[in-house]
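Listed below are the structures to be examined.
Shared chain: chain A. Partners: chain B in the first complex, chain C in the second.
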Partner chain A sequence: MHPQRSTPLPALSRRSFLVGAGAIGAGLALAGCAAPGGAAGATEISFYVSKPEVIGYFDTLIAEFHKTQSTVRVIRDSTSNMSADFVRNRPPDLGCWNYNFSMVQFVERGALSDLSDISEADRINPDIKPLLAATADYPGRTSVIPYSLTAASVLYNRDLFEQYGVAVPTTWDELVRVCEVFLAAGISPFFNTYKDTWTVAQGLFDYTVGGMLDVSAFFTKLKTEGTAVDARSAVSFQKDFEEPMTRLGELAKYANSNAASRGYGDGNLAFAQGKAAMYLQGPWALNEFAKTNPAMKVGTFPLPVTNDPGDLKVRVNVDLALWIPEVSTKKDAARQFLSFLMQPEIQNKYNADNNAFGTTKDAPPTTNPALVGMQQYYDDAAFYLGASQLIPSGIPVANYAQSIALGSSPIPVLKQIDGDWARLALRS
Partner chain B sequence: MTSQISLAPPSTGGERTPVNGDSAHPRARTRGERFNWPVTIALLVCTLAVLIPLYVTLTMAFKTTAQAVDGNAFSLPAPFSVDGFVQAWTLTDFPRSFAISIGVSVISVVGTIILSAFAAFAISRNWNRRFFRWSFYYLLAAIFLPFPVLALSQVKLTGLLHLDNPIGVAILHITFQLGFSVLLFTAFLRSIPEELEESARLDGASTAQVFWQLIFPLLAPMSATVGIFAFLASWNDFVMPSLITSNPALQTLPVLQQIFQTQFSNNYNVSFASYLMAMAPAIIVYLFTQRWVMSGVTQGAIK
Partner chain C sequence: MAVVTPSQVSRKVHKPQRVGATYYAFLLPVLVLFSLAITLPAIMGIFYSFTNSVGFGDYYFIGVINYIALFSDPTILGAYGFTIGFSLVTVAVVNVAAFLLAIGLTSRIRGKVALRALYVLPMVVSGIVIAYVFNFLFSNSLPELASALGIAPLEKSLLANPDLAWVAIVIVTAWQAIPSTILIYIAGILAIPSDVYEAAALDGASGARQLWSITVPLTAGYILINVIIGFKNFLNSYDIIVGLTNGGPGTSTTSIAMSIFNGFTNGDYSYQMANATIFFFIAIAIALLQLRVTRGKASV
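For the complex of A and B:
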């Protein structure tokens, strides 16, 4: 049976496979050669932007940019592996990327070129510069130009707040009263999602710490302690974070009873369905609510952790930042496109469309009803970077925060973080 | 489907028929059939482990975005929507990325079959020489080297050689598939009697003629097996193309699909529609060739 069947097979497949493979191979090789050459006369730059929801917007911008001039052609890249690109010395000519710990290695090793001499650098809001430096810094360089800033605080259901006649709390005692009102009405005050540990870190953990401590001052001092971070050092997690973590534990009592088994997607669904009054997430969740309940009225307020309204602050992170690698051979063309992207009408439209705040001195105030609650804190620079973002990723702070939210006593956990920090400092 | 059913029973039935005449065994047989609940349940669980995700993939793909995030994975699509397919089609530039994925897979399948058949033929016919024995062990050792261990050096090397494109990915797929395929081919070649080859040589055939006209056709069932493994490994690969391919316009389908899921947003209907379109070739290839997968594996196992 087999010889009969198999004799015609290889004869057929061998020839046609080889021809087919050869044709495809030649096609790919040609395409590979064609890419670097590009249109005659024009400089071709690659532009990296990986946020899926804004790829369409940037594609229209690239088309507009091509209409305004003919010397620079932009090719969008959304899938390359950034580390691999740098390893083979061919990174994108212009990057538009989340500015977080994934950027640290590129900034601190000087892989990004200095942008201090371009005019857009002077328009950047000076309050934002310390945020950039706190994440990663290369001495004497402006490595990145921030493009959008995300502010996160407590998202609340405005209809539920109105229905039960409660005002936005500005002190811890008021917050507790608000929670009691909802609890008495049978509505879960908070919807927490402990299954996804990052939600605990960016929500409960960062908000309680940022609402009580001067986060950047704490980490500056902590870095000077080196390996000597413990109960006797000037600052340490077990000394400074004990109070915020106690608050975290108290807040966790006002959460939905099934929080331990709920993830980010479940939380978005439940909050959009009005199953809870407050939700500790950033504006990135607004688009997810809209999938379920497009007419939902959401507001924001900073989480009060103390009884002094002067302590109220919102958590921010530099969402997108623009940068040009040192090894790029087309820096001028890349700068031309950078300037195009930084035009106020383009940048402001991006930030308005994407629930973000601007990064320039002249950025207009937000008109988004879900974000106006944070505008004043943004204007006063009453913001902090999330503490969980400033702890190296080698320390699983999200998991530690989860265990406190699930009822662990804070002190042993914080001692563990101190130990982790000291060990990491010893190694580096 | 029919090929799967027709393949399995004859092999067991073949054992049973002669046994039937034995007076001691009919009871054992009926008892075995009646009391084989554990196996039935185990197989049922295995079947469901495949069918349930497949069902969710199918229904999710046809849901609207609002229904896809409502937390009921098992509900039927209402209203029925092909919006997910439309979005997935445009976001991944489906025809182009599909063609590139196919191209990479075809090169890697053809290359794997030919190269490993060459190597296996040379090794099995020169087994008494130390160089060939050791080169066999050398190739086998590659099975124990996963790609992530070598990732950065490969990225650097392909960059230097201007192979940071789908061709480089296909070449690497071939090299990583080589160890396992040579193992299969060598085992299979030992079951082909050397007398066949001797008679061909007596008729004046050269080594090339012996290989192309005699051995390679005889290897066909094993080539199918090797080809299917190579196809699945290449078609489903994510890490290698994502690291090696530098030009985003030449990226394969699995890598492009990563944009559907981020930490902050879920587009289940779009992603599942896209997964379904990407899964189709692998399922179709397997449906038509599973007979050779099974027969190839068992033929290689029995000397």
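For the complex of A and C:
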């Protein structure tokens, strides 16, 4: 038997190996570039959307947009650090982001381009424009186009309310009576989650302040006071927020006993399990309840903080707004995608699908049973921006709100916020 | 000194400039990287601390206003107070615990190697992971255990108590920092020649006396290194605090590093650059102190 002789392979020299590897690598790289692009000469724009729940949703919209035309290709980015990107002068061509304090610096330093000349700007509901200006404004510019408005108030367990025969309260006294009924029945009236400071800020803090004060007017006056904010100024946190913060303290008594060590996730679980009658969260929590209890019936009502039902208002925030940076070199392509997103059938469907309200004059009313309790307040523009969102983020207001909820006396904390505000005014 | 330095040797053989150039060539890559990544950003940061910049866009000079605001800001002063106090306590806890454990792990016991591996394990877990695990233990397990055993003061989460949350941070930080400290102490203790102990034993010295009069003085250099390096590390605490309390309740456990980083993400850039500048000079002071006190002693 002859051993089978295989022809020896030509020895692979290092150079030919490297050339081969390089060619394969280059081929892969080219294929990678070609895949999303397709049509030659298309303008590529980067589109920033970071809201985790809707990234997939926007991917679908991007795919639809690519089907309708071939001149603009959209690359979605969800991971960049926005401040760092602006510092490097490389922001996205189109941003779709929460319009809150994190946007203030970009707007007020003129980093966003003027969008007043696009047709979509005229369709925006005029009631919403003051909200935008109250957050951040660059004189003479329409810096952003609001896309989605989230309204938040008290979420309540409709089954529990029915079972104990209590109606939705419209005054503070009624609210206290509702709490007493649940307390007597051994059910926690509220489920609070102080461990996550933001939940205290957006819930207890913003609802008690917004239910008592004209938030926009307060902050407009506060800005003119600047470095003079203290006990003697026309408005101040220690004077105007004392009453709401006292209410906050009273409400905290009706919360679960372990509120101090519970976080957002714990709260969603407990509320969905029917362990409490009311929960101070926004509609973003609805999908979380559905994971635990898909059949749960949830309703909403504005938190009554005074005994005048005319003071009832809901907390809103511009959850998504579209903007195009000044330094973008592809503004036209970015505007094209912006117009695509702003088509009524696309925008309205987005807001209906994501428990939100529209931003245009012709936005249809919500049909979501969990949100209909707030429709009237939306229509009447009986809404306010959360005070915690209007305080510059250099002031750790959520932490301050947490310490009041945990039982600190409000006045020293509010004095601290006044001091922080004055120092911030001094240095900016 | 009778020591002959390399340059003296080389002078006899080669021209000194040639050797010097080689040395500089070796230094160059690190020098360039260090300048670009550390020195330049530090100088830029100090520059921005005298402006009202938010990190981009227009800004103008506002002099030392950031520094004035800084020294009258109770939150910032509180962060310094907390960070320094926390570092001092943690350094003491970590070094006492690690020293005692190192003595145990170098004595004649069964399964010494396996035990050493076990004690060093926390070193390989990332700080944020440790923090989240302990967060769960402090928020859920410990209160439930306490209420089952009827220990009323512990039924409320330690992390939710503004006066005691720092204790939880000390415990977790120590848990993570002890292993690396143990390793240095084990090396130090093993380096002590055994004849010293034999001589002491012959003279009738007790175990405690041997520990106090031999082990401690002969590891003094290691103790010094551990204390200074540990203190410097704890001053920079960030990840464990973020994972445990995120600076709360209120602002009671906000560290300096946290307030600096929050400033960067919250548009308070130049203000926190002023804070960072102050912190930088404190760090330099500690580094100089370290150089001064370890000169000579570290080689014991």
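Convention: the second predicted complex is superposed on the first by the 389 of 428 C-alpha atoms of A that agree within 3 Å, B and C clash if a C-alpha of one lies under 4 Å from a C-alpha of the other, contacts with A are read in each partner's own complex, and residues count from 1 in each chain.
Definition applied: contacts are C-beta pairs under 8 Å (C-beta built on N, C-alpha and C of every residue); 3 or more make two chains touch, one makes a residue touch a chain.
Quick caveat, the model's predicted, so the values are computed rather than measured.
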Touching partner for A:S80 - first (chain B), second (chain C), both, neither: first
Touching partner for A:E53 - first (chain B), second (chain C), both, neither: first
Partner chain(s) touched by A:L269 [first = chain B, second = chain C, both, neither]: first
Contacts of A:R232 with chain B and chain C, given as first, second, both or neither: neither
Touched partner set for A:G110, first chain B, second chain C, both or neither: second
Winner by number of chain A residues touched, once chain B and chain C are compared: B
Which of chain B and chain C A:K67 touches, first, second, both or neither: neither
Chain A residues contacted in one complex by chain B, in the other by chain C: 83, 87, 89
Of chain C, residues touching chain A in the complex: 52, 54-58, 62, 65-66, 68-69, 72-75, 138-140, 143, 156-157, 159-160, 162, 246-252, 254, 262-268, 270-271
Contact footprint of chain C on chain A as seen in their complex: 83, 86-87, 89, 101-102, 104-105, 109-111, 194-195, 197, 258, 260-263, 392-394, 396, 399-400, 402-403, 406, 408, 413, 416, 419-420, 423-424, 426-428
Chain A-facing residues of chain B, complex: 65-66, 69-71, 91, 100, 102-103, 106-107, 110-111, 151-152, 155-156, 158-160, 162, 164-167, 216-218, 220-221, 223, 242-251, 255-256, 258-260, 262-267
Contact set on chain A toward chain B in their complex: 2-3, 5-7, 9-11, 14, 17-18, 20-21, 24-25, 27-29, 31-32, 35, 46, 50-53, 55, 75-81, 83-85, 87-90, 198, 264-266, 268-269, 284-285, 287-288, 291-292
